[in-house]
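Note that subunit A is present in both complexes that follow, paired respectively with subunit B and with subunit C.
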Partner chain A sequence: MRFERREHRPAALVVAAPMIAVAAALAVAGVLIALAGAPVLEAYWKILTSAFGSRLSVTETLTRASPLILTGLAAAVAFRARLWNIGGEGQFYLGAIAVAAASARLFDGWSSAAQIPLLFIIGAVAGMLLLLVPLWLRLRFSVDEVVTTLLLNFVSLLFVSMLIDGVLKDPLAFGWPQSEAVDAAARLPKLLTRSRLHIGLVMAVAIAFAIHFVQSRTVFGVRSRAAGLNPTSAVFAGVPLGRTLVIVAMISGGLAGLAGTIEVLGVKGYVTSDLSPGYGYSGIVVAMLANLNPLGVVLAALFTAAMFVGADGMSRSVGIPTYIADVTVALSLLSMLIAVFFTQYRIRR
Partner chain B sequence: MNALIDILASAGLWAAVLRIATPLILGTLGALLSERSGVLNLGIEGIMTFGAMIGWLAVYNGADLWTGLLIAALGGAVFGFLHSVLTVTLGLSQHVSGLGVTLFASSFAYYVFRLMVPVTGTPPTIEPFKPIDILGLSSLPFLGPAFFTQTAPTYVAIVLAVVLAYLISRTPIGLAIRMTGENPHAAEAQGINPMAIRYGAVIAGSALMGVGGAFLTLSAFNSFFPTMVQGRGWICIALVVFASWRPERALFGALLFAFFDAFQLRLQTVLSGVVPYQIFLMIPYLLSIAALAAMARRARVPQALMQPYRRGER
Partner chain C sequence: MTGPVLELDRISKQFGDNLANHDISLNLAKGEIVALLGENGAGKTTLMSILFGHYMPDSGKVTVMGRELPPGKPRAAIRAGVGMVHQHFSLAPNLTVLENVMTGTESLWLPASNAAAGRKKLLEISERFGLKVDPDARLGDLSVGEQQRVEILKALYNDARILVLDEPTAVLTRIEADKLFSTLKDMARQGLSLIFISHKLDEVMATADRIVVLRGGKLVAERKREETSKAELAELMVGRAVKRPVRDASTPGEVVLEAIGVTVRTGGVDRLKSVDFRLRAGEVLGIIGVSGNGQATLAQLLSGTAQRSAGSLVLFGEETADLTVADAVTSGIGRIPEDRNREGVIGEMTIWENAILERLSRFSRLGLVDRKAGVAFAARIIQAFDVRGGSPTSRVRLLSGGNMQKLILGRNLIEPPRILLAAQPARGLDEGAVAAVHQRILEARRAGTAILLISEDLDEVMALADRIQAIVGGRLSPSLDAEDADARSLGLMMAGEWEEREVVDAV
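Let's turn to the complex of A and B:
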């Protein structure tokens, strides 16, 4: 048995790949639920109804999907140029703490229209800066950015923990390490009343469309793709590799920082060290499930968010640990990798 | 200044260096073995987490400590097999596959742990490895408590580094691993099966990673809790580069790194209240990044690292 490269990638297979991958992941998760002695079909049903069964659950799923779209785009944009930004989690936190600090200390008393746009920029810049360090190390010292971005996640979280337990600590939080609350005028408008859903969702979807446009219709889109496909020949073809990667890193880090920004301004209102349930890492899965397509990211983020929200509800009624959501999401990444492989290769005996 | 000298002169510091170094030595050797054959294994963080959980769980359910380590090794090997299927047979991106393995192994570890161990106020504990006394050396003044009060797995890890150095540079199997990592096509021309070598190296390396994780729960601590591996796996990946892919330097690198870590832990207590503790906790990660920057250009990278091998395809 051996693998043979397909001459054409069948379009139907490319579209079906994520669905097959998710189905396979859910099937394996079903086995794990069954092994735990719980009723599998009831567990699936609970996941589905907890994620989409009521107005509240739908808005919760969408609220959860909003930062995931942004971290997913952050990974998708970078991976397309073969910039392995695994630091989304750290960039998320740096963006979050930057806006919390700016809103509480600089913009106190400013109007919403004045401070919210500035806070978006501050959050994005914070994320950018954190990714430019590993990129600089790669361009200057040939250091693999996978490891440095991963290590910086820990540094970033410790830095946030230091600030929320120190200079930015909220004196009214009964001693808990949490940042001062952002200014009321800095909170994002709600999309629906009686829910946590905020305009961050609209913004994230709009950004997905904007990135889709940039990648498919601009010179920069072609360059970043060329940088990913083959850096050496890209340079020969006149692509300014360093500059392209810097812009890719600024977009990618900026998006992850923006994810932290909308989570603080839209949902929580302050920063704690458990602000993110792994949005940065889940963003990698979202990007891969979407096959790095910006519009696909929106759907993949919705699936991932539904898994997490659904598993929360399922856990309460069926008694299966919520970690089943993380397991399923990780499995769907692995099965997606395999599914994509089979869109490119076929088995020959 | 006196405080610094006091720290350096305390036997406790040097004992802590060896203790902190042990999981790093095992993890770094595992990652190194795999990379010498041409496969980067970023599954390490998850594999260490799974090893820590499954080894502990075995002992908690009545297995003895050595069986716990063996089970951790087997658990690691299973994930190593998974990574091999993805990266060797299918030739997928080693970066993404490895991250996938990490996400899967760690979330699966947490799932199994939550399922098997009910939630309680204080985490349940086991009776961990006890320090062993080699030929009465532990009663030597200073040197005894500093270097000879470790548990058995620490000595095993140090011996393993020497064995692996010999295996890689002096034996036919080591030559086959190195050739596969440098040029799998040339290796195949010599009658070596690069696929088999890579499978073997990744699986054996992952077993070592599993044992490295289990050292945390069976010797350094006595309980398991989520996120306890704390990026040690990523630090091991950095140490492989620092060691320029050589086991004897990996041993040195892990010890040097552990020295800084043990030192900052003691400095924390001296400077508590003056400098926030988080600054000290950042040091290991920043040191790893600095080590990478210093060594990345100088290190001798296996030439076929991260290049999938497909028969008849270049």
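Let's turn to the complex of A and C:
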């Protein structure tokens, strides 16, 4: 048996690949559920109903998906240009803490209309700055950004821990390390009453469409793709490599910072050191599941969010640890990578 | 003589709709050198991949020393004594020569590698065939020619009796190639049997005992070297008589580009040292030289990807500041890069995107790419330059080398440029495609384009250039009119002889 490169990627296969991958991942996860001694079909049914079975569960899934769409886009945009931004988690936290600090200290008493747009900008800029440092190191000294962005996650998280246990500590939180709450006027409007769902979802989806447009239709999109696919040819064709990567990094870091922003302003209202259940890292998975397609990111984020919300409910009723969600998402990433491989190669006997 | 050492019997192989090999039979005797001649895409590499077990044939069988090989098993082929030297080496640049040679020859479960025995065997082989190497050199530090030697040694180390070389000279300079062929002949004298794949008539005629011509997946002819000629082989290979076009007389126009004392310094080294040249409208200036003497930098300078550190560049009568890629493209410099795949195109992008990438500002408004105009532009190129194998929206990766080059030529020539920089424009192309590329260059010359042709191929330069300068160690020789040039004078120029003459004149 051997693999041969396909001349053409059949369109049907490209569309079917993620679905087959997810199905395969669920099947393998089913084996694990069975090994843990729970009824497999019931467990799946619980995951499904817990994620989509009621008004509450649907809004919870969508609330979870909102920051995931943004971190997923952050990874997808960067990876397209072969900028390996693994630092989404750190950028998420830096965006979150910047917004919390600004709202609590600077904008106290401002109106919503004045505060919220400024806070979005502040959160995005914080994420940007954190990614521009590794990019500068790469362009100036050829330092591998996989390492620097990854390690900056820990720097960023520890920095946030320091602030929320120090200068930004909420005196009313009974000693818990959490930041002062953001101004009430800074909270994002809800999409639905009696839910946690906020306008961040609409914004995230709109941004996904905007990025799809930018990548497929604009000069910058073509250039960033060229820079990623073949830097030497791109330079020969006059693509300003450094400038293109800087813009890509600003978009990518900005989106991850924005994810932290909407999570603080839309859901929590303050920053703790467990604000993110790994949204930055899951964003990488989401981007890969979507094969770096911005619109696919929306669907992949929904799937991932549904798995996490569904697994919470499932574990309560059939007694399987919620880790099964992590395992399933990880398995779907692996099977997606295999599926993508098979859209490019075929098996020869 | 005890029968053939290798027999390929009625091999057929189909990829999709493409019949890569159709009913091909071939044999090889002990001590014989057979050349497998054919254009790109004729099925040479597929046939050898079947022999070596990389591909399974759809039908037919391979027999080595009277024993049939199981299909699709490279290990079995190696054990039967077949060695393959790939065009793109399958070596690890971070390992030493000895480590590379021994990789895969020992069981992974051995507690320790028996490097001492390996070294002894390697040195014996290297001695016997006159293939000198340093076993402890890191492979990445070796030149391409030396790396190829290692690849050959690796095959011999595995006790190969039959050696297959896939386009061995594609990456070599002329001198290295000559050396390689004398080594191959020596190996044949010592009883090895060799097959080499090539589309170069000169080397086939100089080296092979027997020549097998493939065309369109079929074996079209088999000739003994003494019974054939270059002209016949060329015709057999292409299927019709091809003649490379030759320039006709012309009167050059005004000077469009002049370099005065230009020095380019990159990475702390002067790659070009105070070079002077003038380029006139409607003429071809040929720059010859052994590769690695500054050609790449000269091409980069005019492409806008390298900047000079001293001297001046006068473009259309005006002194230029730093020349960027955008300046070059908008001022009418067409650019054919030396390495198609690395610099010229982006394989994963579409043909239309590749066609307009260097002219994005023209094919966009307010930052939005005008896809329709881009596709139309690509369609015009495809039509006018006979690019086969893709539509404007298919990916460039699917095109053959010749068609990629036509696309690159097309995007530069469809609107006649004032200057054309052509770096190794025909490298790696088959006879038919070479003729087509030369034809286009001469058409541009007739239309008044000034052409700077950088090439290692003397035949190409002699056929196309009006004047010739040699590049040696980053310096340019004075120019020589093509009428006064012959192989000897050019050889002296490429060896840097002109400098000595200047010294003599000075005394």
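Throughout what follows, the second predicted complex is superposed on the first by the 349 of 349 C-alpha atoms of A that agree within 3 Å, B and C clash if a C-alpha of one lies under 4 Å from a C-alpha of the other, contacts with A are read in each partner's own complex, and residues count from 1 in each chain.
Basically, a contact is a pair of C-beta atoms (placed from the backbone, for glycine too) under 8 Å apart; a residue touches a chain by one contact, two chains touch by 3 or more.
Computed from a prediction, not measured in an experiment: that's the story for all the values here.
Enquirer: State whether subunit B and subunit C clash or fit side by side on subunit A once the two structures are superposed.
Expert: Subunit B/subunit C on subunit A - steric clash.
Enquirer: In the superposed arrangement, which partner chain does A:L118 touch: subunit B (first), subunit C (second), both, or neither?
Expert: The answer is neither, since A:L118 touches no partner chain.
Enquirer: Pick one for A:T218: touches subunit B only (first), subunit C only (second), both, or neither.
Expert: In the superposition, A:T218 contacts subunit C only.
Enquirer: Considering only touches as defined above, state whether A:A185 meets subunit B (first), subunit C (second), both or neither.
Expert: In the superposition, A:A185 touches no partner, neither subunit B nor subunit C.
Enquirer: For A:F236 in the superposed arrangement: first (subunit B), second (subunit C), both or neither?
Expert: Only subunit C is touched by A:F236; subunit B is not.
Enquirer: With both complexes overlaid on chain A, does A:S142 touch subunit B (first), subunit C (second), both or neither?
Expert: first
Enquirer: Applying the document's definition of touch, where does A:V285 land relative to subunit B and subunit C: first, second, both, or neither?
Expert: A:V285 sits against subunit B, while subunit C stays out of touch.
Enquirer: Between subunit B (first) and subunit C (second), which, if any, makes contact with A:L152: first, second, both or neither?
Expert: After superposition on chain A, A:L152 lies in contact with subunit B alone.
Enquirer: After superposing on the shared chain, does subunit C or subunit B touch more subunit A residues?
Expert: Touching more residues of subunit A than the other partner does is B.
Enquirer: Running through the overlay: 79-87, 97-105 or 295-303 are the candidate stretches of subunit C; which one clashes with subunit B?
Expert: After superposing on chain A, the stretch of subunit C hitting subunit B is 97-105.
Enquirer: So which bits of subunit A does subunit B touch that subunit C touches too?
Expert: Subunit A residues touching both partners: 2.
Enquirer: Show me the residue ranges of subunit C that touch subunit A in the complex, using the header's touch definition.
Expert: Residues in contact with subunit A: 15-16, 56, 72, 303-305, 324-326, 329, 335, 337, 342-349, 353, 357-358, 360-361, 364, 367-369, 371, 398.
Enquirer: Under the touch definition given earlier, write down the residues of subunit B that touch subunit A in their complex.
Expert: So the residues of subunit B in touch with subunit A come to 42, 82, 86, 90, 92-93, 95-97, 99-101, 103-104, 107-108, 110-111, 114-115, 230-231, 234-235, 237-238, 241, 276, 278-279, 281-282, 285-286, 288-289, 292-293, 296-297, 310-311, 313.
Enquirer: Applying the document's contact rule, which stretches of subunit A touch subunit B when the two form their complex?
Expert: Those residues of subunit A that touch subunit B are 2-3, 5, 32, 36, 79, 84, 86, 137, 141-144, 146-148, 150-155, 158-159, 161-162, 165-166, 281, 284-285, 288, 320-321, 323-324, 326-327, 329-331, 333-334, 337-338, 341.
Enquirer: Which residues, counting only subunit A, touch subunit C once they are in their complex?
Expert: Where subunit A meets subunit C, its residues are 2, 4, 7-8, 217-223, 225-226, 229-230, 232-239, 348-349.
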